[in-house]
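Right, I'll just put the structure down here and ask away after.
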Amino acid sequence: MSGNSFGTIFKLSTFGESHGKAIGGVIEGCPSGLSIDEKFIQDELNRRRPGQSEITSPRNEKDQVELLSGISEGISTGTPIGFIIRNEDQQSKDYDHLNDAFRPGHADFTYLKKYGLRDHKGGGRSSARETISRIVGGAIAKLILKESGVSIKAFVKQVGEIKLDKGYQELDISKTEESIVRCPDPIIATEMEKLILKAKEDGDSVGGIIQCVIDNVPAGLGEPVFNKLHAQLGHAMLGINAVKGFEFGRGFESVSMKGSEFNDQFVKEGDRIITKTNHSGGIQGGISNGMPIFFNVAFKPVSTIMQDQTSVNYRGDEMVLKGKGRHDPCVLPRAVPIVESMAAMVIADLLLISRTNRI
Amino acid sequence: MSGNSFGTIFKLSTFGESHGKAIGGVIEGCPSGLSIDEKFIQDELNRRRPGQSEITSPRNEKDQVELLSGISEGISTGTPIGFIIRNEDQQSKDYDHLNDAFRPGHADFTYLKKYGLRDHKGGGRSSARETISRIVGGAIAKLILKESGVSIKAFVKQVGEIKLDKGYQELDISKTEESIVRCPDPIIATEMEKLILKAKEDGDSVGGIIQCVIDNVPAGLGEPVFNKLHAQLGHAMLGINAVKGFEFGRGFESVSMKGSEFNDQFVKEGDRIITKTNHSGGIQGGISNGMPIFFNVAFKPVSTIMQDQTSVNYRGDEMVLKGKGRHDPCVLPRAVPIVESMAAMVIADLLLISRTNRI
Amino acid sequence: MSGNSFGTIFKLSTFGESHGKAIGGVIEGCPSGLSIDEKFIQDELNRRRPGQSEITSPRNEKDQVELLSGISEGISTGTPIGFIIRNEDQQSKDYDHLNDAFRPGHADFTYLKKYGLRDHKGGGRSSARETISRIVGGAIAKLILKESGVSIKAFVKQVGEIKLDKGYQELDISKTEESIVRCPDPIIATEMEKLILKAKEDGDSVGGIIQCVIDNVPAGLGEPVFNKLHAQLGHAMLGINAVKGFEFGRGFESVSMKGSEFNDQFVKEGDRIITKTNHSGGIQGGISNGMPIFFNVAFKPVSTIMQDQTSVNYRGDEMVLKGKGRHDPCVLPRAVPIVESMAAMVIADLLLISRTNRI
Amino acid sequence: MSGNSFGTIFKLSTFGESHGKAIGGVIEGCPSGLSIDEKFIQDELNRRRPGQSEITSPRNEKDQVELLSGISEGISTGTPIGFIIRNEDQQSKDYDHLNDAFRPGHADFTYLKKYGLRDHKGGGRSSARETISRIVGGAIAKLILKESGVSIKAFVKQVGEIKLDKGYQELDISKTEESIVRCPDPIIATEMEKLILKAKEDGDSVGGIIQCVIDNVPAGLGEPVFNKLHAQLGHAMLGINAVKGFEFGRGFESVSMKGSEFNDQFVKEGDRIITKTNHSGGIQGGISNGMPIFFNVAFKPVSTIMQDQTSVNYRGDEMVLKGKGRHDPCVLPRAVPIVESMAAMVIADLLLISRTNRI
């Protein structure tokens, strides 16, 4: 519980700072007999990579993963999969001016309070570069889920005040990757891009919402009472950098609904029992009911901005921080695969655990 | 990870169905030397008890806890504290008509899908009666936190569309317990009560939002990257029955803020470094920064309503469900101590773990 | 990890002191659909009960278990099974003279050092009365294993210097319960009884060895590298009061064997591949190979003796401790079901986990 | 619980096969502020390295560790320490003849049964090469323990039938490293070497016993009832390749002692309360009592021998296995640092956990 492991049976343990030698981890509990498609893993990493478009950080990192164990002739052997990604484009001197400053919105102050010292280079462990390891774990989880037909797709639903105000059922999510902002609606996507470029121009940053839809989850996943499916998903999402909120199904909207409106009615469709509406978001009593699972993740605006900000240093002296470095004005586009990865690890773990539910 | 344990060092494991013999649990990791105030624990249970006011379920359950171990002469010994609460006012025949129905919004269908069979009486394990055990764990966690001066106070911020639209700083939270709806603003509280009574009259139910404020948390709690303080809190809250969303600090609002607006500026105040604003909600990089922690928890309207609803039974035959039984039209007032309890367990656990952070 | 939980999927959490109100626990992860034979559970408890014969403690405790949840109409529902056993025959005054003495061989001193205070009555949590909860967990684990045909049988192999010097293959283990000492060889059993009665007469105590044989375990159980099957078994056994050693297969004898002697040769027998000899004790590389698993557990002589002993009190003053109270001169006969119970929980847990090993 | 993680607060997760790209792991929960002496870590690895003397395998592996994170300017930062050791001297063709053979005494058969497939090269994950990662974790644990003055020293006590028949108190353990066999008595050491060389000459192998002594452990470590200090140590030791038994204090000898002989008498010595004898091995009731902790670990003879052996292949056909490859005739000398490493991780973890025992 030192916070760097995630999962019970399918479990990822990670390490690595933004400006250290490497990022990496260990994936335990990947079942044997799985085809490990290395190209797919790298493709997933590329979706998270900086420098992929004009609205992301211009840092140039190849983020090339090296898989070190647990695979023989392209097939998982059941033993742990170790992996590393070397850090390359480290411009540590970018951070020299930060040596003893507490950057507003960052974790400099809290890491120092926690550990009594801190690695000041580029945010150290609190850098979002850490999420690379989550992509690797998530990609392998997706390969497991593919065997069961489960699909996980996230997209950008809101940037600043630009909203994609449609239900997931009305969208063609397959178009998400066609826009650099990862919004499946091309018109809204263009507006979002403009807003992000405007923020960049202003040396400012913007937040937003990612929605994730999980299709074809078998009914029966989730471990109440404390590890309800949505509690696990919420835990997973809230652990991603810059996330400030999580809701599933009708979420915060449901608070002003009546029970008679909210309750999803069970009906028979062919052989299956489904619900007519899906306000529950595919989860009832903390267990999947076979309907699509959907949830929203709220991201605050990026803390690093290219404007002067007032702060204090370690000694408490007031100081002015200049905006410097190479950063994203909006993390949402690159956070889409991270949301999917965390969701995939949750579902894969619960799917494996569910095999132990009955005698 | 079968989902009935919560915590790492301070850990609660629970058992019990609504209509079985008893509810109870084991609290491990309570440090030795703590004064165990049994009256306080019972008072906390009474805050959750049904029948406490005209806006809650009229069920009459004493919910009397019996502490069975781990305490000698009123002091914790460091060994596990076992406890039970006998179930008393079981009217199982209330549920006979439900034998093979899937109640809309309930976990009947999902438990059946998960386990292949289910205890149909009163929701079984999925009943909110399970949360009694959380109150006992939470009360002991509060006693631990009291030693460190940490205080945890929750209140009802919204019922249906009636909102208490003020920041926690502007409220006198000490007044929360003066209203039966547990809203610290007497005027809004009255409106909320009316709305709840109206729903009751209509045989319907309403949802709402609980806000929780944690004061005096030392800086340095939280275990990134996966167990960030807010990820643990979110996990804890999302595990409570009927919860659909969680946000901390400015939460979902932050998505339409600019970085330059959102970033909390560090300033020196006396000996301490604090932030001028608290949009972060007391947590940065997943670690407490010493400012008040605050978060919102969204509850959907109660699933059980006193109206006829269409559903299907186990065989998929359409049927009509009559509204029967004794239920709350709104769970918010009784959920306030549950939110506090879960928060207390998270903070107590992280406080103990933080003792291991430095050499 | 506060030490009162055991297992990963099938998990037992326990509480209770010898002279408190009750002993009990929570069993999580029992699969749904299992017939819970309450009489069998009570029979297992009776095998551990004091007062069962002239060679055990004359304390009279009924040790009647009450199952509180997780079972509906005799079938497990998949939700946790809570249980308690009330303490009855507490003669706490037996312990008044011990208030501030450190009894030799007991945990008085170490509990005080650990927790700064201790419950002095009857050993508190360190009393072997705690093992009652293990029997309940073990009995349910045995019911799970019965479904897979796995059988677990332990017996007393040595008391003091009286040894049953035969391999498990040469014994009729079904006769174990015919002797009060639980040794399957009637002649050796009689000698053991005499030795125990002699020790009792002398106000002294004796140790011994229990052997456990597990038949029909499917090949493939065990989770290397750290949770090898025998490492889990060893952990389980070494957690039982008074245990000083654990060995499996040829154990300590193997150190003076040559590799050419020790290696078990694989041969085909019908459809199965088996080993000609079983020096490995049914486990290779930490994983079961389908052969019988067998291991030995060494128990030291009981610490409580009816002789005067010199010790010191809390202040370090020398004092003489009189032998008083009602104790077993030898724990081995009553420890047989405890060894079986712990083994059953290990195998049941690994059996459930093994369902997640392959895609 | 897929078996590749060890520890609760101080936790090691490992990966790697003998003939894959690399071995490595993640160390979580190392407290911040610790000086990380990289030379010490490498020295510990060198103690385990093959090719260090004429009685070990002639394989030539540098086993050079690369620390990848969690350290800034030589000081631990509190974040996880990732590390890898590249595999170098892989002669996979040595194993080509083994493709479909079940080597006697090895884990080929059981891995295949568990996972349905296996990596046949050099034992894959079941190779003792995996223990390299344990040395890295153990070295860092030793650095933590050094801060508390705890010292851990293991030595070879027996090889085949050659025994060092003295108590740890009578030995000058500081001389252990002076002999290639790691026995502190030079005369016995020479005999052991001869026996090992004789086994090598015969193409055979021998087993033995390692004793480990832990000095200066504070009283109060250990987490009963399931995680007693010796249960954790036993778990740790039994997880090491080739281990068949574990005993602490007087261990198996204690079974033929009387209680009146075995009980260690408490006496005051200066300010401290100690025990006159130490039959308990420094642990009472599962908790350290401040006396030296000592325990024995039994190793079977190495499975790989240079003689022809009869076995079967995957299809069950009888076949003859030729003795080939480069192996140790006796693992004891190289296992000494592994025993110490596992013990160090157990004690470091319990030391950190003990900080949470009292209010």
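Here the chain labels run A, B, C and D in written order, and each chain numbers its own residues starting at 1.
We take it that a residue touches a chain if its C-beta (ideal position, glycine included) is under 8 Å from a C-beta of that chain, and two chains touch if they have at least 3 such contacts.
What you see is a predicted model; the values in this text were computed from it and never measured.
Student: I need the pair from A-D, C-D or A-C whose contacts repeat those of B-D. Over half of the residue-number contact pairs should coincide.
Tutor: Among A-D, C-D or A-C, the interface that shares over half of its contact pairs with B-D is A-C.
Student: So using the touch definition from the top, which pair is joined by more C-beta contacts, B-C or A-B?
Tutor: If we tally the contacting C-beta pairs, A-B comes out ahead.
Student: If you average the CA atoms of chain A and of chain B, how far apart do the two points sit, in angstrom?
Tutor: 26
Student: For chain A versus chain C, what separation do you get between their C-alpha means, in angstrom?
Tutor: 46
Student: Between chain B and chain C, what is the separation of their C-alpha centroids in Å?
Tutor: 39
Student: Can you list the residues of chain A that touch 2 or more other chains?
Tutor: Touching at least two other chains: 1-5, 8-9, 14, 29, 32-33, 78, 111, 114-116, 125, 353, 357-358.
Student: Can you tell me which positions in chain A touch chain B when the two form their complex?
Tutor: Going by the criterion above, the answer is residues 1-6, 8-9, 14, 102, 104-107, 109-111, 113-116, 125-126, 130, 158, 160-161, 199, 204-209, 219-228, 230-232, 234-236, 238-239, 244-252, 254-268, 273, 275, 279-281, 283-290, 298-305, 307, 309-312, 316-318, 353-354, 357-358.
Student: Using the touch definition up top, name the residues of chain C that touch chain B in the complex.
Tutor: 1-5, 8-9, 11, 13-17, 20-26, 28-29, 32-33, 66-70, 72, 75, 77-82, 84, 114-119, 121, 124-125
Student: Spell out the part of chain B that touches chain D in their complex, as residue ranges.
Tutor: Those in contact with chain D are residues 8-9, 29, 31-34, 76, 78, 144, 147, 352-353, 355-359.
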